[in-house]
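Every chain is named by a letter (A, B, C and D) in the order it is written, and numbering of its residues begins at 1.
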Amino acid sequence: MINALSFLPFLIFVPIIASLLCFWFKHNRSVILISVVCHSLLLVVSVCIFIDQANITQQVYVLASWAPPLGIGLSVNSATVVLVLLTSVLTFFYSVYSFIYFKDNPKQPLFWPIWWFLIAGIFALFASNDAFNVYVALEMIGLSAVALVAFDGSINALKAALRYLFVGLVGSLFYLMGVAILYRTYGTLDFNQLPTLVDANPAATLALLFITSGLILKTAIAPLHFWLPDAHGSAPAPVSAMLSALVVKCSFYLIAVYWLQVLPEHAPKAGYYFLGLLGAVSILWGSWRAFKVERLKHLIAYSTVAQLGYLFLLFPLAVQHTETTALYGSTFTASMYLILAHAFAKSALFLAAGDIIHQYGHDNLSKLSGLVKTSAVSTFTFAIAGASLIGLPPSGGFIAKWLLLSEAIETQMWLLVCVILLGGLMASAYIFKVLNIAFSTPSQHANHQVTHKQSAMAWMALVLACCAIALGFNAQSIMAPLMAPPVVVDLPSVHSMPSVHFMGVFV
Amino acid sequence: MINTLIDICLCAGIIMIATMSLTSQYLFKAIVLFMCFGILVTLAWVRLNAWDIAIAEAAIGAGITGVLLLVSLKPNSVPKKQTEL
Amino acid sequence: MNDILMYSATGFVLFFLGLYFVAFAPLVITRILAINIMGVGIFMFLVAHANSHNGVTDPVPHALILTGIVVAVAGTALALVLVKKIQVLSHNQNVTINSSSDTDQHTIQHTEQSPNQRTKDNLHD
Amino acid sequence: MFKDISVNNQQVVHRDTQSVVIRLSIAVLMAALCAITIYVLALSEPAQPILRNLALAQLDNTGVDNPVTAVLLNFRSYDTLLEIALLYVVVLSLYSCLFNPNESNLPPLPTFESHVIVRHFLRAFIPLIILIGGYLLWTGAYEPGGAFQAGAIIASGFIVVRVVGEPIIYPPWIDTLCIALGTATFVAVAIAVAFFEGTILTYPAGSAAGLILLIEIAATLSITLSLYIFYRMLGRL
């Protein structure tokens, strides 16, 4: 069985090379060629990593062959393997969608290098094993996402991008301060070595406070979510899909790593319940705002805030369920599956919204009545993806919410049970509000001529929505490795790791 | 003894100049004070034996960032009142 | 030993000072200054503990801070371009737009009338 | 907090100022948090310098004498690679924010006749700046200095020339080439080395110093150009 560990740096270097090539060879055909080659390479690598994850998650790919406390290591655990596969599949869809979306846009040569660099940032964050390296990856994602939000140059997009930039910078600085405190009190930055050194020291709790507040700002949870609807609302469709489905999940994953893997013993128990409270508040508040707002993309962005709230329910359940909190077990599988289902459903919604805006020129809900006549495929996509968001039976969302519910019932946290059910109810409220508008008879004054041809974009969004539904079926294959606790090989000081010969893999 | 005196003055000066820069209403004044803040911080790095960061802070922190802020004070592409030569 | 404490305390004070002004400064460019000052605060805290051991300085925080300074410059340049582009676009539209549809429209009367620096600022012309 | 960005009398202003009571209470809260953090960190004793001893012990086989450059370009070279790539992408982001298809492109930076004294002073000053930049780049391996400092100083030299009004004219292909040169060289070296040593970014035993110098030269070039482009674009806006 090939050792897929030496493929790990591919995940980061292939997108960076693609970004450089797209910058140097600007015209359309070469960009298409580069993107197709690099996406297929990424897909192959992430599939290999997913297949070979049993022994990969034990090892650390040591960059520059200096042992991790001094050098930097790349490593994946059972959660990142799934996220890496999700990222490569989704970014493939988004890139194909972007070809069509930006076909006649004169700014296209500038789009692709930044787009590929955002993908490199996401992979760098998932594969990183070093606290400061995660900060650089967060900045990579933050700055390139700002540039993509401000891509179409209108004043509202620029203001949303500026707001998003401020939030991103302040969140990263908080995270950096937390890492600085950790470095001062434990002298190391490596994720494998930190858990062994951490002792009952108030400085660790302080560092955790800084890191969590910075990442909560970047994950847009209830009190600090003000920037998300504008940023995701005014970005181009593929960018807002990428932001909602992947970028926001990166900072959630980091919170999960710090609270469940790196500093679990010394995280105050009340902190887990406080995070759960924040999640519950953002479920209810996000759904309520989604119901009230009158622009389609803002509605979808607020539903992102709501769905992120579900992810934060992981923390109280994890603490209540198994005293030993770690990145595996049934609770963590539920939230990982929710990330998968939400990523596909939400990107389908945003891509469908992008198609609707392309046809109508605006996404003002009041003037979108009679949508089903003109863009039937987009409405159908909206319905299916909405079903997965609400958690109706056949969809992946249903499985995730079912797992969460069973966890909450098992640990007798009745408050969480009714929050989950109420959230599903409110989600159906704003989904059916849009469907109601779509199926209502168009009022006379909305008589602008709309091209009735179903563009390829609508069909792409439909494919993603069907994936969200397909996730509901053979969920066992994805969930099995997440359930079982990884057989913990005591990680040697990895300098002694046999240096895997790059060429050996190919020969 | 003299070292702690220098430290006290430097730290007090840094905090004071930072507050003055942030609380000033006039943007030009705030930016010039920010550049002085950069110079004082460079002194702090020198005092803490961080030579690489001292050069970098002086060149990038006080220099380049200050120039970028100054040049962004007035929009150049907006037609000015008096005719440009 | 106490100079380490003094500089790390200054670092924290700068961090929270910058944080306050990022939240409440009226001018956007002052907020950009505040973010830079927060960054300097973190770096001061890191460096204060780097040279604490009998004069042999710890090179790792210095490398981290060099990376942090360049990231700060990049962030500042991006923020400044966005701010100026907003200025230019709104000037071209000649309308004072207060954006984001769902804020209540209380406009403050006593906006600090920063005087016209164009006369004093002869650096650029 | 950041909700309402608007423009009046040419200043981009935030008009969502909360009432003074909220601001004061939050200021007091922040002061309290600051005091708590200082108190907590004053009590807990700092860590043993694990990384410092490791870094200084391994210093001799990194091919570089300056410990900071060793950490920057050998131990944690992956961080530096990502960060130079970040600078390259931010330059592209500035281009994309600046360039609007439906607008007339921007007026060029005003160039005007500089004073004769300034011109003669610059004629002696700019070569000196470039010399200092080159020196800093070269001594980066032995004493404090390196790619970032050298790039910043040479860029400030170009900016001084531009502020004074002298036009700097160079063919546009230099822009596209040199912006990405630093990242491209670093990635190329990282991959090429992997073919000999098995893992990425592992410099072969003898050639660490040479490769680090090559990376530093390319990084200085692209940092100089990036910082100068920051100035030029902000000036044109």
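Following the convention adopted for this analysis, a contact is a pair of C-beta atoms (placed from the backbone, for glycine too) under 8 Å apart; a residue touches a chain by one contact, two chains touch by 3 or more.
Keep in mind that what you see is a predicted model, and the values were worked out from it rather than measured.
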Consider the two chain pairs A-C and B-C; indicate the one with the greater count of contacting C-beta pairs.
B-C
Return the distance between the CA-based centres of chain B and chain C, expressed in whole Å.
11
Measuring from the mean C-alpha position of chain A to the mean C-alpha position of chain C, what distance in angstrom results?
29
At what distance in angstrom does the C-alpha mean of chain B lie from that of chain A?
38
Computed distance of Cα centres, chain D from chain B, in Å
17
For chain B, what residues touch not just one other chain but two or more?
27, 52, 56, 60, 64, 68, 71-72, 74-78, 84
Residues touching two or more other chains, restricted to chain A: which are they?
132, 136, 139, 143, 146-147, 150, 153, 158-159, 161-162, 166, 181, 183-184
The positions of chain D in contact with two or more other chains are 1, 3, 5, 10-11, 37, 41, 46, 49, 51, 55, 68, 75-76, 79, 83, 86, 90, 93, 97, 110, 146, 148, 163, 227, 230, 234-235, 237
Mind listing each pair of touching chains for me?
A-C, A-D, B-C, B-D, C-D
Which stretch or stretches of chain A touch chain C in the complex?
132, 136, 139, 143, 146-147, 150, 153, 155-156, 158-159, 161-162, 165-166, 169-170, 173, 176-177, 180-181, 183-184, 230, 293
What does chain C use to touch chain A in their complex?
15, 19, 22, 28, 31, 35, 38-39, 42, 45-46, 49, 60-61, 64, 67-68, 71, 74-75, 78-79, 82-83, 85-86, 89-90, 93, 97, 99-100, 102
Could you pull out which chain B residues touch chain C in their complex?
3-4, 7-8, 11, 14-15, 18-19, 21-23, 25-28, 30-31, 34, 37, 41, 44-45, 48-50, 52-53, 56-57, 60-61, 64-65, 68-78, 80, 84
Note: in the complex, chain A contacts chain D through residues 6, 9, 13, 16-17, 19-20, 23-24, 61-67, 69-72, 105-107, 110-111, 113-114, 117, 120, 124, 132-133, 136-137, 139-140, 143-144, 146-147, 150-151, 153, 158-159, 161-163, 166-167, 181, 183-189, 197, 201-203, 206, 226-227, 499-504
Within the complex, which stretch of chain D touches chain B?
10-11, 66, 68-69, 106-107, 109-110, 112, 136, 143-146, 148-149, 152-153, 155-156, 159, 163, 227, 230-231, 234-237
